[in-house]
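Take a look at the structures below.
Both of the next two complexes hold subunit A, though its partner changes from subunit B to subunit C.
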Partner chain A sequence: MQQDMIPPLRHIDATSVEHAVRLLDEHGSDAATIAGNTDEINWLKNRDRTPEVLVDLKPIEELEEISETSDGGLRIGALATLSDVEGHDAVNDGFSLIAEAMGEIATPQIRNQGTIGGNLTQDSRCWYYRGGFDCYRAGGNTCYAITGESSDHAVTDYSRCITAHPSDGAVALIALGADVVVRGPRGERREPLSEFFVGPEDNITVMHDLAHDEILTHIEVPSDWRGEDFYFEKVRGRDSWDFAIGNIAAAIRTSGNTVSDLRLVANGFAPTPKRLRKAENAIRGNSLTESNIASASENVLPNARPQEDNEYKLNLADSLVNRALSNVA
Partner chain B sequence: MSNHNYVGTDFEVPDGRAKVTGEAKYADDYQFDNLLHAKTVKSPYAHARARSIDTSAAESMNGVEAVITHEDVPDATVGQPVLAKEPLTFGYPVAAVAASDEYTAAAAVEAIEVDWEVLDHVVDPIETLKPGSPNARPEGNAPTGEAGGEGAEGQGGAEAAFDTIKWDDADFSGDFPENPGEFTMEWNWGDVGEGFENAETIYEDTVSAHPQPTNPMEPRSTVAEWGTDGHVTIWGSSQSISLTHTGVAGIIGKSPQDVTFISNFCGGGFGSKGTAYPQMGVPAFLSREVNRPVKIRGTRREEFHWGNGRSTFIAKTRVGLDSEGTITAMEIEAIGDSGAYSADALSTLSSGFNSLTQCWQPETLRFRGIGVFTNTPKRWPQRGPGQNQAALAVAQVIDEAAKQAGFDPLEVCLQNSPENRGPAGAERLPMTSAYLGEAYELAADAIDYEAKRERSGTREGSKVYGVGMASASHQSGYVGFDGLIVVHTDGTVEVRQGAGNLGTESFAAVARMAADTMNADWDNVEVSWGSSDKSSFTLGQFSSNTTFTEGLANVKAAETAVQYLKELAAAELGGTADAYTVENHEVVHGQSGQSMTFAEAAQAAVDAGGKYTAEEIPEQYQENLVPLTIAAASDAVGQGLVAFGKTTGEDLDGFVTSFAGAIAEVSVDLETGKVVVEEMANYNDSGTVVHPESFEAQVEGGAIQGIGYTLFEQYRHDEGTGIPVNTDLYKNKPPSIHDYVAGDLHVGAVGEPDPFGPFGAKGVGEPPYGAASGAVAAAVKDALGVTFNEFPVTPDKVLAKVRSGEVEL
Partner chain C sequence: MSTTDVPDESEPEAGDDSGGPSRRDIIKGTIGGTLVAANAYLFNNIRQTSAQGDGTPGVRERFSNQLKLTVNGRERFVRVEDQERLAETLRYKLGLTGTKFGCDRAMCGACTVQVDGDPIYSCTYFTKDAVGQEITTVEGLAEGGQLHPIQESFIEELGGQCAFCTPGMIMSAKSLLEENGDPTREEVKDALEGNLCRCGNYENEIESVLSAAERM
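Presenting the complex of A and B:
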């Protein structure tokens, strides 16, 4: 039972990406990283995590930078605060979807402190997992949410664990086709953000594919969707501070009133950010008429297997697609 | 009582600068050279018994100075033991350590081995009544003592008595058990059967007003120093002084005279810190071992597990209306939940019942209730404990009954609002004043009710609008308490009031009334607060009662002071005492104009001694003044003019009842399930408003909390394990300033003076919460046309009704 006291540990300021990677490599699983530290500190205070070494990424100033790339895309350092991203000209000029999502995260104080990298790499918000229950994700052999309180949990794509992915930033960035850049002891690698997230069928104890000695350094947004029509909405119980019950980010390219291409991404419904491909396919190539929108917004999670107390999320997902498409029409 | 120079005007509150500059000291801010830090060993189960506790490893650790277990502290009857052998909730402590620093204390806690015997638990109050269900407490599943009523609500709600009551023949398939078994509380006005016969429309529904943690911003931190001389000083976080002082003395087995209690500032209590709590006992018993100051720093999670919250109030309400819209009958069956560590369900039920009689004045009624225990955190009064649950529980039922009878719901509210001296309570005794109907009318005017009613049910995109209203009340004034005023020889007037500093500023309002009574200059009036050594004995700072209770006692003390000043002037300057008046810190002869200053008069008091300086306690106080009040004057005895006040039964005829009437407009988004409070008017019958800024702050804060109760906040326990799952602020969702009303929140007062209140004042704190909560619930129901039986109305509940087809798109 937690004591609200972080056990003694060694706090090391990383001076560079290389330094950080070296420290993580050296200390192995004894080390944890912090950046904005709006979340890790709770794990530490609750003594659910007891690293011996805390590698602080915050001093790596180069990872705070946000810039426009030569081809008209964006390069966002993982340590840019949510507020900085929200307010940055390069973001707002053509990629306002990201700014909108940032502005809906948590509270102003957390947005000033928390980083975009942290928003993407955050852990499950399942209250059982976070409450210290010995569930699948924590190494046990049951999911307490399935038999208990699951109104906030996933309705589709789950396997044993029904945690829902909580990130607002992820859906906006995936809708824009962003990549992530990761540095580790073997150098730099890059992958689509959509493939960065890991579902419980692949590895039930993690939410993303960062190895313990890797750090997320950048998010790169291609120019593909620059200036297109966007829609972001986050539905939550309490305005002042809440995670999404469900959110949606939409990037929609139209020619006349016809959708030439689109990406619809939602969180709160699956353990990883969910591309709503059925809806995308239903409206792609079609005009945004009321009836086309209505039929594309029907049963957007066809493989859903909800619990009794989260069936409502099927209605919510359909409604969010409808609102996204209607807003552009 | 004389001129109104201060009553009704705003002023700079005496503790305001300290709060905004950070100078204010809360319990955790007190530092000592040789301070030890306490932490506790807690149960990881909802219900378990410690077979044995091995503290040897902890005791041998460097820096560990004291270790205690449940064996080292006294038993508690129905209340919370300081440490428990059989913890009845998750997170309840069995042992505690004191160490030189918090790291060592935390490590020592982890070194203590407890051998647990896990016992059956129950977290659902209805479940406890099913045959064969486990009992949350070893003594039974139901508290059966006499409910203490509102005056005693801070004291635990009922005497300790227990029974096992199961509803063997009930059908548990619906929202409320059909064919229920025994209820332990029953109230009747007339023959409710006849009342229903006189009704044209009868409507019945069950609504569960849910539990929520109180969750004040400041957790329960305490420093205790048990001196080698046996005197104990406690720096704590409390709403109250007098009752917390005597309460904590009781917890640690001391007489109040041997305990000093200090609480200058309290970071929120909302009822949960109305009196002493067991967290205060932990550092005290540890300090007893070593005679060094010991601090326990409360944590947010402890606040959820070891703090307390609002009791569940599940009510099946049946209402009968006649052709005039008069409520001819109201029948309620109710189940209240005490959690594991109180009998608060009983005072919740009786306070809820009482409020319904006050607000709705049914011609006949039958209210029956039963309280139960569950293995969940202690239920304890939270802002309108019972009254506000009742407001939420009946708001939708009245709305629907009115509509089925063909009335606008506001007509039914006005039709059934109490007469000015209308009856209340089980005994149908009169209220001192009642202007709820006027409050509703002001609210209707402020919010442009006709326009809102016009918009009710209309759609704007996916949003549908609704309007609803509700009332709440609170018994908010008591007599039998003490006041104490000292006029110092420098001419300053000191009001040694005994209320706490909850944050409502009512302690300062008390001094404003005393200042007016003495025609004193506010700049030369000092309010002492925060230390039991200088507190006249009064009721706890709960029940919205300080302005009335403590105000009246200190106005009486001020009147005594004025009388003494006149007598002293007459003795010095000649003439009769009656020929003198007080003004501008002078005692002046009305005709001759001869005068002496308060400073001179205070010196004359010192010279005269006797009753004037409390060297002799006047006969009328010898019997009825609480010794702690006399003790609170001790440093002034012989040093200045000392004046006591005592309120008695002669000062009051009836229940002092404050009311709120609120009207809310909401929009409900049928696609997202989101409820937005678009506009609200919340008007209060609080008698004379003493301090307008504080009054408005109370109504606004109450409205926000009421919105939070209906829309966001709740306890959530995993039934399988009995462990609460939403024990973080972001999961528990108390409302903030950003969860306010989208448009305007109109607040105001009726302003009619109460005939018994000091300067006509009553109280304000609690009713605006219940009225807001019920109004939002009724407005949501009005928008959607369906009743919500469970709260809070979160988006998932709205969308579930859309999905099931109950709500038509």
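Presenting the complex of A and C:
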């Protein structure tokens, strides 16, 4: 069988975050960052990306650690593999939502290699964009999915590009109110994970706000939702592994049968992870009766403008909310 | 000439991370280089000059541009490009063709091997990253001419139809059974989810793993 060899390049092991940042500065757009390298490598095989230098973050051991913080939260190094996160005691003790999401990502092989940082910073799965089409996201001036096949694409919040965000980890972490810590040439910054993602309205060529020479170093989960009721579901096109058509992560705090607070976050519906605020507001302060759940899970994406191919996603989103709430009731 | 020409001092010094080789290293390397030129086979007798354990390159690797890989319990020295993937090295340089290229896109699992006991897709894994770790391929399963129980089961239960996916299936199954000796049918399905079979022979593959669990 004819195989695609990757064109020659230099693979440099970064010894520290500072070293990585320096290398990225030095080589500019000739360099690409890799860590678990389950996706970037496939762009290289396709020769859709041809960096001269790969800056490998993997040797930076400080970014692999997962630990409980002094206030009962979690600090997860961006280089922790998906299987490490899934199996870690500190994660399973009170934050099982994260472990559940991790277990649904890809395959055992990819979970052993891929990192949680990579899951959050992954690129669009749009088959036109990945197929080398000259679309908006690739710098062109059309969206091939709108005129072509869009069954996996976004139904809401899009602008020209209708890619859907694919991450399973992101929804669980946003539901728990996680922050990301980023280091770059100007030092360290931190922001809520929910603001880390960038939609096509703001910048159509990226999925997140990491600059080329910035490194996502940690994910910090506060203790706020520790031990509450959680629900995670991922819907895919087949029983075996696949990216999500749609997924939902729910963190729900109840007193008695009344919902005192909750967060519902879904992916696969918009270019960035989507907080389902309409449904949240409808059920917050109310009891989890069948009729309350039914009305809260009606038309949860009020501003949706689906394509003919993906109208089914509206019902899917409603059903996911219904199942998340019913599961806790 | 014997190995005593290169005495123990050729051991790489711990903590020497100055980057370039020291004068001492160069002298050692020169001795090593002469040995290769004169008697290439002697190189095999100076193992102590190569990397030990932690993956830091030793003198042998630095002067021959080779990496030391541990494949199926044996040390293999091989020259590797930066962009080279483990499946390429195993198949084209080490002759271990049991590991298959299927999709070459981390989707089908035909290239599954174990690195330190965990299954990974070797088509999507740089060979450099495997330095210092234990690589196990399907060739490493049989012992003394005796097939591994999982291999036996795949034969008995007709786990292989065209069998192109079988080596990968077996490696995923091995990783599962090492962690869980008595898996349920569901657990077997989960463990094999990263291995696709175009013959659609999944039932027999699952049965093979379940029956292997009983044999082990």
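In the analysis below, the second predicted complex is superposed on the first by the 326 of 329 C-alpha atoms of A that agree within 3 Å, B and C clash if a C-alpha of one lies under 4 Å from a C-alpha of the other, contacts with A are read in each partner's own complex, and residues count from 1 in each chain.
Quick note on the criterion: contacts are C-beta pairs under 8 Å (C-beta built on N, C-alpha and C of every residue); 3 or more make two chains touch, one makes a residue touch a chain.
Predicted model only: the values in this text are computed from it and were never measured.
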{"item": "Contacts of A:Gln109 with subunit B and subunit C, given as first, second, both or neither", "value": "second"}
{"item": "Subunit B versus subunit C as contact partner of A:Thr147, first or second or both or neither", "value": "first"}
{"item": "First (subunit B), second (subunit C), both or neither touched by A:Phe243", "value": "first"}
{"item": "Which of subunit B and subunit C A:Pro7 touches, first, second, both or neither", "value": "both"}
{"item": "Partner chain in contact with A:Arg305 - subunit B first, subunit C second, else both or neither", "value": "neither"}
{"item": "Dominant toucher of subunit A (residue count), subunit B or subunit C", "value": "B"}
{"item": "Subunit B versus subunit C as contact partner of A:Arg186, first or second or both or neither", "value": "neither"}
{"item": "Touched partner set for A:Leu44, first subunit B, second subunit C, both or neither", "value": "second"}
{"item": "Interface residues of subunit A shared between complexes with subunit B and subunit C", "value": "1, 3-5, 7-8, 42, 106, 240-241"}
{"item": "Of all residues in subunit A, those that touch subunit C in their complex", "value": "1, 3-11, 37-38, 41-42, 44-45, 54, 58, 83, 106-110, 112-113, 240-241"}
{"item": "Subunit A partner contacts - residues on subunit B that touch it in the complex", "value": "39, 41-42, 44, 91, 102-103, 105-107, 109-110, 297, 299-302, 462, 671-674, 711-712, 716, 718-721, 723, 725-731, 733, 735-739, 794-796, 799-800, 802-803"}
{"item": "Residues on subunit A engaged by subunit B in the complex (per definition of touch)", "value": "1-5, 7-8, 42, 46-47, 106, 127-128, 130-131, 133, 144, 147-149, 151, 233, 235-243, 245, 309-316, 319-320, 322-323"}
{"item": "Contact set on subunit C toward subunit A in their complex", "value": "81-85, 88, 101, 104-106, 109, 112, 115, 118-121, 124-126, 128-129, 172, 175, 190-191, 193-196"}
